[in-house]
Amino acid sequence: QSPWTGGDELPTNPLACDATPAKVASKPYDGGKPTNAPDRKGKTLKVVDVPKLVGIGYFNATSKGIADAAKEMGSMEAKTDGPSKANIDDQITLIDNYITSGVDGILFAANDPVAIAPVLKKALAAGINVVGYDANSTPDARQWFVNQAEFNGIAKAMVDSMAKEAGEDGAFAIVTSTFTTPNQARWISEMAAYQAKCHPKMKWLETVEAQEDNILSFNQTNTLLNKYGDELKGVFGMTSVATPAAADAVTQAKKCGKVAVVGLATPNAMKPYVSTGCVKSVVLWNPVDLGYAAAYVLRATADGTLAAGATSVKAGKLGDLSVINGSEILLGAPTVFTKDNINNFDF
Amino acid sequence: MNAAAPYVSLAGMSKSFVGIKALKDVSFDVRPGEVHALLGENGAGKSTLIKMMSGLYAPDAGTITVDGRQVKFASTRDASAAGIATVYQELLLFPELTVAENVFLGNYPRRPGGWIDWGEVRARTRALLDQLDTFDLDVDAKVLTLSVAQRQRVEIAKALSKNARILIMDEPTASLVESDVQRLMTVVRQLRERGVGIVYVSHRMSEIFALADRVTVLRDGGFVGTRDIGEVDEAKLVSMMVGRPIDSLFPKAEAAIGDTVLEVRNLNHGRHVRDISFSLRRGEILGVAGLVGSGRTELALTLFGMTPATSGEITLEGKAVRITSPRQARDLGIAYVPEDRGQQGLVKQMAIRKNVSMALIEHFSTGIFIKAGEEAQRALAAVKRFSVRCRNIGQAVGELSGGNQQKVVIAKWLETSPKVLILDEPTRGVDVGAKAEIHTIMGELVKQGVAILMISSELPEVLGMSDRVLVISGGCITGEIARADATPERVGMAMTAHRAGEAA
Amino acid sequence: MMTTAVDLPPTRPVSGVQRPGFLRRLFSDYGQELVVLGAIVALFAVVTLVNPRFVSANNLTTIFSGNAYIAVAAIGMAMVIVTGHIDVSVGALIGVLATISGTLAVAGYPVWVAWLAPVLVGMAVNAIIGVLVAYARIPSIVVTLGALSILRGGLISVTGGTWITNLPPDFLIAQKDVFGLPVPLVTMVVLTVLAALWMRFSAFGRSLYAIGGNAEAALATGIPVERRTVAVFVIHGAFAGLATILFATQLQVIQSTVPPNLELTVITAAVIGGVSILGGSGTVIGSTLATILFATIGSALIFVNVSAYWLRAVIGLLILATVLADMLRRRSRI
Amino acid sequence: MNLRSLIRHETFLALLLVVVLIVLSFQSDRFFTVSNLLNQGRLMTEIGLIAIAMTFVIATGGIDLSVGSILGLTAILTGVFWQNVGMPLPAAAAAAIAVGTLAGFVNGAIITRFGVPPLIATLATLALYRGLAEGISQARSVRGYPDWFYVLGQGEVLSVPTQLWILAAAAVVASIILAYTRWGRTVYAIGSNEVASRFSGLSVERTKLALYTASGFAAAVAGVIFVSRVSTTRSDMGTGIELDAITAVVLGGTSIFGGRGTVVGTMIGLCLIQALKNGLSLAGVKGDGTIMLIGAVLILAILASNLFERSGTR
């Protein structure tokens, strides 16, 4: 019986245990299409970026990437505006307002793939180019989605790291924000599947919620450490809020080296823990690149150079990115930050 | 009599509230060592004058002189510093604080370093309460557990604690029974001996003549005159207050007494309603006498369904009933005018009109909609009938004087055309004029066949108005005395009697 | 039936009545606190049976220390509520203050400046709130709802949510120990005791109960109600500042956002601890105990393996049970 | 006197709304268009329904903090009843609304039966109901409702958003009830002096019970509309909506201490907030700036109307 029962009911698709890349079945384009979009080729685009929420490091970084790309291209005016809480309703309202105000393009990271769909469809119907990044909507509600890394890829990277650090028969627990956060839920599902397939002896203890609150994450991690004592060999942090807090808890409990912390996080927040050696590896794609790519994809979409059937797209300094899953653009493999490279990043 | 220079004098005081000139050009002074009574009908402006003297209201015009120096009171603190302490008409106590804390709040005895000397606070409170002959009150009890009368005493102790040169008492006896009034008067006399000047407001003539050295009468916010007590008699004072002579305070109407309306058998509720049995007939006024805390109010509340009886029978017009809520009591034709007007009787922020219709709002509605026109008409009629003094029926009742508020409460309940009307202290804090009017109303009601149960702590009222007197002590009936036999002595004895076991 | 036996008027009793016994007074004055304490003890007993590690020193530290900042904030909140007001903006305020504190620390100011700043700024912000409540007579819930929006919006537009990292190690006081006990725990206990004594025995403290109990009467008694109201908000601001220090120095990074639902947590702690929402009663001991109760519940549910999905429902039930237990206790007393 | 001062606040607020509308129309030519305004109506319906019921609750001197959680619970149950239990969708929605209403009834029962202050009672059920929503959903969302269901939240009737009709009807009925019926009168009486109301034979307990039940019902209906608007159910739906509703209510002049307030005021307050959110966004102000401005408007509007009133009466 899987310890994880949450998440949506999409099937999991664990990667192979070794490094064989997954076979990608090619799929026809399944994105949407704006109606009566004016010809925007070469024209300056007015773009709004609506992340899940503003005020956290991760989306600051994506927003920076978008701004960088806009500056580089010189033909895009981009602005970031999101809800102050990761709240479907506020996000929908914001997008709705920007549709009315008449933007040319919308970049989004969805708080809920389905809830956001109606308003995105409305944007398409108003002739606006719509591109998602970080968190997808249903495919027909946007044109393209820039996928930072596939769920099963992240899951593999995380679980493999944990197996290496905590041992093939180590017991681990997970600290996540809330069970309803879609990306986290997907990752956890994929992790469960991958662990069962490739590291069957590892023991999945439990998963706890800690909102987007770092003190709560800290307390929850501590409670897990107290509860399981030496049995606990590793903690996964599923968000950029939970991971540093978990690392801090392990540090303050003087369990560095005894309890591994593996998680998704931004490098800046993790530098203290990586530099002391308490955390060996932090998994994340580069969110600045993600925003950057999203902006280029939007440009290409507006220009018509990226259309149904394309197999790759040019994304400035990132070079050619390939199209997968019909209407997704893959950023690439996640970056694993370690003591050696973490100081090269600033986000 | 002493002709010492006044300690406090007020000259040309005026004060207006929205649309109402509460006080016009009134002068008043108090000398050390005198009791100066302040008289006037409800709404005459006594409390307003007092509040200006104690720094609660700022006067629109006029000057205050203390000990020869002209002063301005920015707050009650200034007045307090000038030696003026006040017992307000509405008790201003803090329910969650203890008796001792209430007494010394804002005025704590300190130890060096600014710490409050709590031992001293308790000891001095004890002493003050003892001075008031209140030996049975725990200084550590929270005020919320006290009865109205006990709270009153805390309030007086509080004023005494300030070693005031002038003590203002706004109707201090309104909620006290006779024996407590006597005790209080002794205290007042003692203070006078010590040279404290006392401003004394009361609607009870007997107290005025027993205590006052001088009286000042106000009428409709205007100054009528100041007299030495020797110069006036009761009739004279009444006519100064009312502007006309009053024939009788207790106009007992002769009504035909009919069948039994309410029959109560062995009624019990808690410790304060014990085995009560009596009957009440159409057209009868049944007075209920008793000491403070004897359980009269509890009896009324039980009959009214607030605190439903735990055992016993109530028969209304021959039908056995169980009364479990005020609403049900109302539907059965029982009305209750409560003793605490401000808290229980009225919704002070609401207009007179809405208060009058409140007890029978269904009556003023078609379906669910309120018939505003009819409501206004009825309210207007009630205001006329009881001569409620107000700007108009849209005025908030909280702005009326005590007596007028009481008339509104009675008017409200008469809208329900009750068969049984329970009046709990119907004239507490009500001036002579209004008191007589309320008594007249009671007379009219019994003539129409209403049965009245009147709880009162004022013995003259009980004796003057009742056809029969029920005396309660410790939650039990200790006497049932017919009008003819009801003398102050007999009733007084029954009030302090204990139930003689199961002997009789 | 009727008696004719007549006693003389009551003879004078000896001055002074017997004070009720110590236990009775304890129960009547600290009833709710005892209910909460009882709940904590019961939880500890039950969970320890299931898993003895629950009472390990580490876990006790987590329970008592990890939420100390909430308890400290709840002290100020309890005072505000006792005075008859409420503050729904404290969570946002703590977010703002943490950012200020962390920014100063990283900018190289001495750590005491970084610690003092949130206290002073908290006092200043709440002074404005207090003035609006006391002198402009706007209900506190309205003022603080407004302040909540302003602080939350302001924080995001100023910081953009950048986290503060590279905090100097000296700054992280919440990670240190005194007398072998964690600083947050000691701070919480000391502040609670001091505040409780102050509210119980000082003239100022008593006047807060008076104002909350009957503001009009307080005015007539000569208590400067407006000034005290401003003062209590300012003190609350100071406690928010102190809470911020614990909050901001617990980890090596400061999240520059408003901690989600912190204001509700703080208010809940105060009211479950027995502070009457109508003002005029309650103690800070209760609010601190309630904070500990929540922390205990949170930890206990993990220890007894309550499905994480049902966690919040169980917390809700336990809160409700505490509230109802208190109501029944009150009722049985009357 | 009382009535006059009430009318004053609402008049003042309405003037403020007009000024805001005019200023915002100059800021963006896309603001004052029929389609934009109707669309805003669609977006504010859920808060509006809750705020209307909340007006009654606050006018009695109470408060209901659990509405957001009831909304979430209803949303989840709609999905679970339909998908997991297999009820037909209309029945599922009705059953979910019934449960939401029951949740409101439970609030009322705790408040009236046990005498728990409303703030505390609903603070506790805020956690409880959200917890139930989470537990029942097991963090799964329900999607893929039939198209006809979206008419409620995304469709139009006579080219006006469907739910706006519901909001308008609710507002009209509620303001008539509060202003002209004996129930409304009872609400104000309880809010002004609960003891005296009881002593006057008003059915205080039953009225309060009914109001909290109605509040639960309103939140439940809002929940179903919400599901239909966003095509999905999530257990965190409606988080924080209680503060938005309360803001609209107090901005609309309802006294938090009870005894006064009108539905008209609440609706104006609601429109003002929505107009600011939308208009400022169209004018290029970011979300965080808008939040700050709404906070300031709330304080200043109440301040101004306080001063206004005091200068009139003193």
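Think of it as A, B, C and D in the order they're written, each chain with its own count starting at 1.
Going forward, a residue touches a chain if its C-beta (ideal position, glycine included) is under 8 Å from a C-beta of that chain, and two chains touch if they have at least 3 such contacts.
Every value quoted in this text rests on a predicted model; they were computed, and no experiment measured them.
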item	value
Per Cα centroids, the chain farthest from chain B	A
Which of B-D and B-C has more C-beta contact pairs	B-C
Chain B and chain C: spacing of chain centres that average the CA atoms, whole Å	41
Chain centre separation in whole Å, for chain B relative to chain A (CA means)	73
Mean-CA-position distance for chain D and chain B (Å)	44
Chain centre separation (chain C, chain D; CA means) in Å	29
For chain C, residues that touch 2 or more chains besides their own	152-153, 156, 276, 309, 311
Overlap residues in chain A, where contacts from two or more other chains coincide	6, 54, 84-85, 179
Of all residues in chain D, the ones touching two or more other chains	134, 137-139, 286-288, 291
Interchain pairs in contact, sorted by label	A-C, A-D, B-C, B-D, C-D
Residue ranges of chain B touching chain C (in the complex, touch as defined)	54, 56, 75-77, 80, 86, 88, 92-97, 101, 105-108, 115-116, 118, 126, 130, 133, 135-138, 140, 142, 179, 477-480, 493-494, 496-500, 503-504
Contact footprint of chain A on chain D as seen in their complex	28, 30-31, 36, 39, 43, 46, 134, 137-141, 143, 150, 154, 226, 229-232, 234-241, 277-278, 281-282, 284, 286-288, 291
Chain C partner contacts - residues on chain A that touch it in the complex	6, 54-57, 59-60, 84-85, 179, 206-209, 211-215, 218-220, 222-227, 229, 241, 244-245, 248, 251-253, 266, 268-269, 271-273
Chain C-facing residues of chain D, complex	65, 110, 114-117, 119-121, 123-132, 134-135, 137-139, 243, 246-247, 250, 255-257, 286-296, 298-299, 302-303, 306-307
Sites on chain B touched by chain D in the complex	18, 306, 325-327, 329-330, 336, 338, 343-351, 354, 358-362, 364-365, 368-370, 372, 394-396, 412, 416
